[in-house]
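Look at the two complexes coming up: chain A is in both, with chain B in one and chain C in the other.
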Partner chain A sequence: MAFRILCNALQAIVALALSPLIGGVLSRLKEIVQSKRGPSVLQPYRDLWKLFHKDEVVSDQSSWIFRATPYVVFVTPLFVVLLIPVLTSYPLFLAFMADMVGAGFILALGGFFACLGAVDPANPYGPMGASRTRMVGFLAEPVFVIVFFTVSFVAGSTIPYIVQAQWTRSAGSFLAPAHVLLIAAFLMLILAEAGRIPVDNPTGHFELAMIDESKGLEYSGRGAALMKWGGHMKLMVLMCVFLNVLVTPWGLAARQQLAAVLLAIPLVALKILALILVLVVIESSLSKLRLFRITEFLGAAFITCVAAMIARTFAA
Partner chain B sequence: MPELLIAAFWLWVAGLALALLGATQVSRWAIVLGAAAGIWGALSALPQGGGELSLPLTLYDQAVRLHFSPEALWLMAFGLIPGALAAALCTPLRARRRGWLAGSALSFLGALGVFGLQDGYSFLIAWELMSLGGAVMLLAEHTSLETGRSTLYMLALLEVGAVAILLALLLLAQGAAGSLGFGGFTAGGAHLSAGMRGFVGVLLLVGFGAKLGLLPFYEWFPGAYASGSGASGALLSGVVLNAAFFALSRGLIDWLPASAPGLLGLGVLVTVIGVLSSILAVLFAFQQDDWRRLLSFSSAENAAIAVTSLGASLIFRGDGRSDLAGLAWTVAILHLSGHALAKGGLFLAADGVFAAGGGYRLAQHGWLRTTSLLFGIGALFATMSLAALPPQIGFATEWFTFQTVFQGFHLVSLGGRLTLALAGAGLAITAAVALATFVKAFGIGLLGDGREARSAPIGWGYNAAVLLLGLAVLATAVGLPVWLRGLDTADVVRFGTHAAREMSSGWLLVPLTDRFAFISPSKLVIAMPLLAIIPLLLLLNARRHAVRRAPVWYGGLREDPQRSATTTLTFANAMRTFYSFIYRPTLDTAREHRAVSYFIRRLQFEHDIADVFGPILFAPVRRAVWRISGRLRALQSGDLNFYLALLGILLIVILALTLR
Partner chain C sequence: MSHLPSLLAALNALAGGLFLLSAFAMVATRQTRGCLALFIYQSLLLAASAFLLAGEYGSAHLAGVGVVNLISKPIVVPLILRRTLSSEIYTRREIEQALNIPTSLTIALALAVLAYFLAIPILQSVAPQFRSANVPIGFAGLLLGAYTLSVRREAVPMLIGILAMENGAFFAGIALSRELPLIVELAIASDGLILVFVAGVLVRTIQRRLGSTRVGELAALREAQAPGAGRPA
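Entry: the complex of A and B
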């Protein structure tokens, strides 16, 4: 038990430590593709350090919801890290609190508070971002659920540790149409949920075009630091679910040895780097969609996973 | 002590009489005591697996008997908790309390009858009493000019339902050798042909669905709820809605035989109606700009989710999976229980804002910043539950609902599998829009700029009631592995399985097996705050820096919080635009100019959305009724010769019939 608790702590530390690096590498690679030098991959860490050491200014019209929001936004993805396979292929001590559907609801809790935090300080841009986020969410969340629905059809479970074992059983199950369609739908979902191009431009600072970023405009100092760090961790959580549960459930520690778990860290980092490269290709070759075209993009993701579900239903 | 339910009955009768006599204070406390006795009586009878009581009343020379099954006691207890608090706080319209108390007593009495009565005659009386009680409450409060029309609309649609119920009861009685006692209805259902059984199922769905707000009946909800206060809403969305669901569940599960052919088809129909109703209701909830209207649509949505689970239960039963049928049925009961608590909390929160001078319109007045922390916590917990967010009860029941439809892969029938798969997609859309709806309700209704002058702070009574209901929502979720055992007897009697007991494993909630899925709200409540220590430690390590409060920066423009405040329309407009094929939004702008059109003196902007069923279903019926009544107006012409002619015709008809 002690070992599993230690591994749980290690997963949390890895998520805390590596998640800002994902943002840094992604930005740097995108800049290189655009023939620019770009900021250092360590820039997100510097930003966080700077924000933790700055004064905080809050709206005189905000309530305790505004102050509590950064903590919830920070804690929810960290909590999900404890539930999903990040480094090990076996469940850890704190994994028995929720399955993947439950984890989706926990991530939604962070999104809910982020929206309330945006509406609270009476800044007109915050509610605009919250409204747009919900518009994106109303199709993104069903995609989440249907992905898990289809997964439950295939694997007979929504527990991530059981699901990941399903794909490695045979090449047939890995290449099944339902699985391939699921992967495509989930990738589109990551782009939407993490606010990446073509749904949103995380580096854009034009208020009228913002979706996700405008929710955090009123945050400064440590509040802003926690919000940003929470955002980095959410992206990492989505990547880990995508890679370790759906696409490449290899490279995780299968044995209960510290060395095996430590070895999994660079292997998982490599998988994440590969996914970052895919994201760089997508973000460098597509432009941001206009607001009302986003629903078409998510509608396509929705139809893709419904198709996966129907394919699986008829195959069963 | 099930006898407490008899005490509740007499206390409500006394409350009704006292209200009619004008002794409002005594009447109010009699009704509250009645509700408290009802809660205690139901909870104490639950471990005994139900209760059998007899009222000192006779109907057709027969004593009126009450038999409460475990699920009836469960749903009644959860419905009465917000009902008791609503009665204690009473309507915020002081001058209208007399009529409201009479209406609430009637509603409680009707609901008690619906939960417990065991024959068709007395059941229909109780059903009508419950509808009448709601109408009396709304008419007494009369909060808008549209009250009369909205209440009539409600009663008209409820009467359509009542006729359907009457017809269903008569058909079942026909199969039960003419007896209207519910004890013979199961055998009565078995004697009917497959087609007739399906027809009875549809009649029950229409009859009870009229009160539950299934399509197309949900359209009476916003107008009727907006005619009264939040206290009325707490009763209608609590004990009344639970009673209606109990009646539907009893009709479909108990009266229609488990092994009958066609059950699967009926299950598919119930599921489809449930999913479509939930999607439409929540889409319209999102567009509302009034607390009561928004919450009323949300009640219809939650009732529809429970009906979807009921449909899934029928599908599983038709496919021979009693264990999964028990799971789906238990989930439906749980969903409405949690909903009653959370919805009661938000209805009373709306009353608190109204009583403090804020009105029922959703607008940013920063109530949370200026009111008690207790009110804020209670309202937040209730909102989280309705948005299905962890660790609240709404999260647990919504998760269970998803897990129930996920079990569709066990079905042999392809149609059943596909129905549940698509139901999952529909429920996911519902969940996503519900989340947006409650971000809007809480964000616009309680947050934002609070500089506008208000007449009074929110009263302590509302603070306490909202906090109590908010904490009840959390406590129900945390203790669910324990509370679930209360429904086990009902599952054994109905499905022959221990579904409720198998829905928990230690502190985990599981869909009958922990190999398929699990959650643990109990563990989440402990672990999530513990994890919050990490950011707190990070902040301790950072250098101490002051927190400065400052006005919001308006991009260099003059500060004008009132004009820049987010409205319900600005928040909902993105969805309204995208879903315009459902909403069919209308925008009217009228401008008054001075001499030159450039200088606008007055700008009038109106926006609205169109009902789906009103124009295509109810409006033609209404027009037909008007046309017929226009023709029949001749009967009231006052022309003596015309009346004499009618008498003459009548005499000829009588003569013809006699001589035949």
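Entry: the complex of A and C
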């Protein structure tokens, strides 16, 4: 009992502590690829530290939504962390409280509040970014649903732990055509949802071209820090689902011992590092798509996952 | 071995998945250069699948098919195209299409479903461990290649569409017959190379005459003028 509480707490702490590092490593590696030195991998931590120590300015024209949004954006990925296999391959306390669709809805709640919070203070760039995010969001939704139901089709369940256990058992169907297509579709989905390069440029400073970043423009001090941290955690949660459930369901703690769980942390970090390398290659070799080409990108993701569904149905 | 596929079969299934992915990507891509890169990639996957099937069936013929594929398509075809065509064709970014990309992809998806249905009656003659991969995906590659051929309005991507059709047919064929005679593959490979060469020369001529290779514009037939006669009134 106490051990399970400890595991759950450990999962949340790992997500809190390691998620800014992912952003730092990603941007550092990208700079190295571009023959630059780049900021230290610890830069996101310093940013968060600095922002937490600054005063917060909130417009007196804004409502409670603007003030509540950073907390919602910060907390929702933490809830999802409790539902998915981050470190252990056996289900923890809250594993059966919601399935993958539920986790998706919780993440979507954070996105929804971020959009409301962007519209609220009437900054002209906020609503523009919010509407663009919604466009990307509603195009990504069908991909999301089909990917998860196709994955669940094999396991007969939408609980991520059960799906993960199913994949570790049946390594034969792991390389099946349907699975490869699903991985491709989900990778495209991560790029879209996390605002990475073919869809959105996270390092861009030009407000008119922003999609994801412009929602946080009005925030300062603690609010900005929470929004940033929440964004880092969202990327980490998506990566964890991608790696621990779909691509490499191995390397998680299988025994109920603290040592095994602690050993899983570097293994998971290693897997995430591998995925970061893939993202660096994608981000350095592609350019940002024009806004109305995003439909094509996500359309391609949709076609890929529907093809996976067909392949799965016929193979079974 | 009945329900758990061997490593070779699993790797072959992986090649199949990537093959289908590359066929879809070929429909979606806009650049001539990207189209060619995807074709090379697809041919490599075809060769890999041939080698894996050769290992599984213990068939030297299929290994020969793999070798011929490995030499002819990823190496010789791009070389011929590069020799016969000017670099201007490669550098053009966007290919004109009769339909836009989302519509194309939806049709491509319908074709893939059709391919899976078409493959059902044939599957009985395939070894069970390769049932899910080669035949339906090869058919899908064939149909998607044919679709690329019909929807593109640029000469070089159309040519690549024809070659992708051939790739798809072979991808299905190597699973259907264990002892595919090497002579057949050699004949088809040399045929394919001659096709590439002739089409390359044709495209070059079209480009010299029109200044572009947008064969989609060559829709109306104009009567050739006799050397002495004036224009008919």
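Structural remarks
Note that the second predicted complex is superposed on the first by the 314 of 316 C-alpha atoms of A that agree within 3 Å, B and C clash if a C-alpha of one lies under 4 Å from a C-alpha of the other, contacts with A are read in each partner's own complex, and residues count from 1 in each chain.
Everything below uses one rule, namely that a residue touches a chain if its C-beta (ideal position, glycine included) is under 8 Å from a C-beta of that chain, and two chains touch if they have at least 3 such contacts.
As the structure is a prediction and not an experimental result, all values here were calculated from the model.
Once both complexes are superposed on chain A, the partners chain B and chain C fit side by side without clashing. Contacts of A:3 after superposition on the shared chain: neither chain B nor chain C is touched. Touch counts on chain A: comparing chain C and chain B, the chain ahead is B. Touch criterion met: A:74 reaches chain B, while chain C stays clear of it. In the superposed model, the vertex angle chain B-chain A-chain C (Cα centres) comes to 90 degrees (nearest 10). Touch criterion met: A:306 reaches chain B and chain C at once.
In the superposition on chain A, A:291 makes contact with chain B only, not with chain C.
Once the two complexes are laid over each other on the shared chain, residue contacts for A:177 go to chain C alone; chain B is not touched. Minimum Cα separation between chain B and chain C in the superposed model: 11 Å. Shared interface residues of chain A (contacting chain B in one complex, chain C in the other): 295, 306, 310, 314. Of all residues in chain C, those touching chain A in their complex are 4-5, 10-11, 13-14, 16-18, 20-21, 24-25, 28, 101-102, 105-106, 108-109, 112-113, 116, 131-133, 136-137. Residues 364, 366, 368-369, 373, 376, 380, 384, 387-390, 395, 398-399, 402-403, 405-406, 409, 414, 417-418, 421-422, 424-425, 427-429, 431-433, 435-436, 438-439, 442-444, 447-451, 508, 515-520, 523-524, 527-528, 531-532, 534-536, 538-539, 542-543, 545-553, 561, 564-566, 570-575, 577-578 of chain B are the ones that touch chain A when the two sit in their complex. The residues of chain A lying in touch with chain B in their complex are 12, 16, 52-65, 70-71, 74-75, 78-79, 82, 94, 96-99, 101-102, 105-106, 108-109, 111-112, 115-116, 119-124, 127-128, 130-132, 134-135, 137-142, 144-146, 148-149, 152-153, 156-159, 162, 218, 221-222, 226, 291-292, 295, 302, 306, 309-310, 313-314, 316. Residues 171-172, 174-181, 184, 295-296, 299-300, 303-304, 306-307, 310-311, 314-315 of chain A are the ones that touch chain C when the two sit in their complex.
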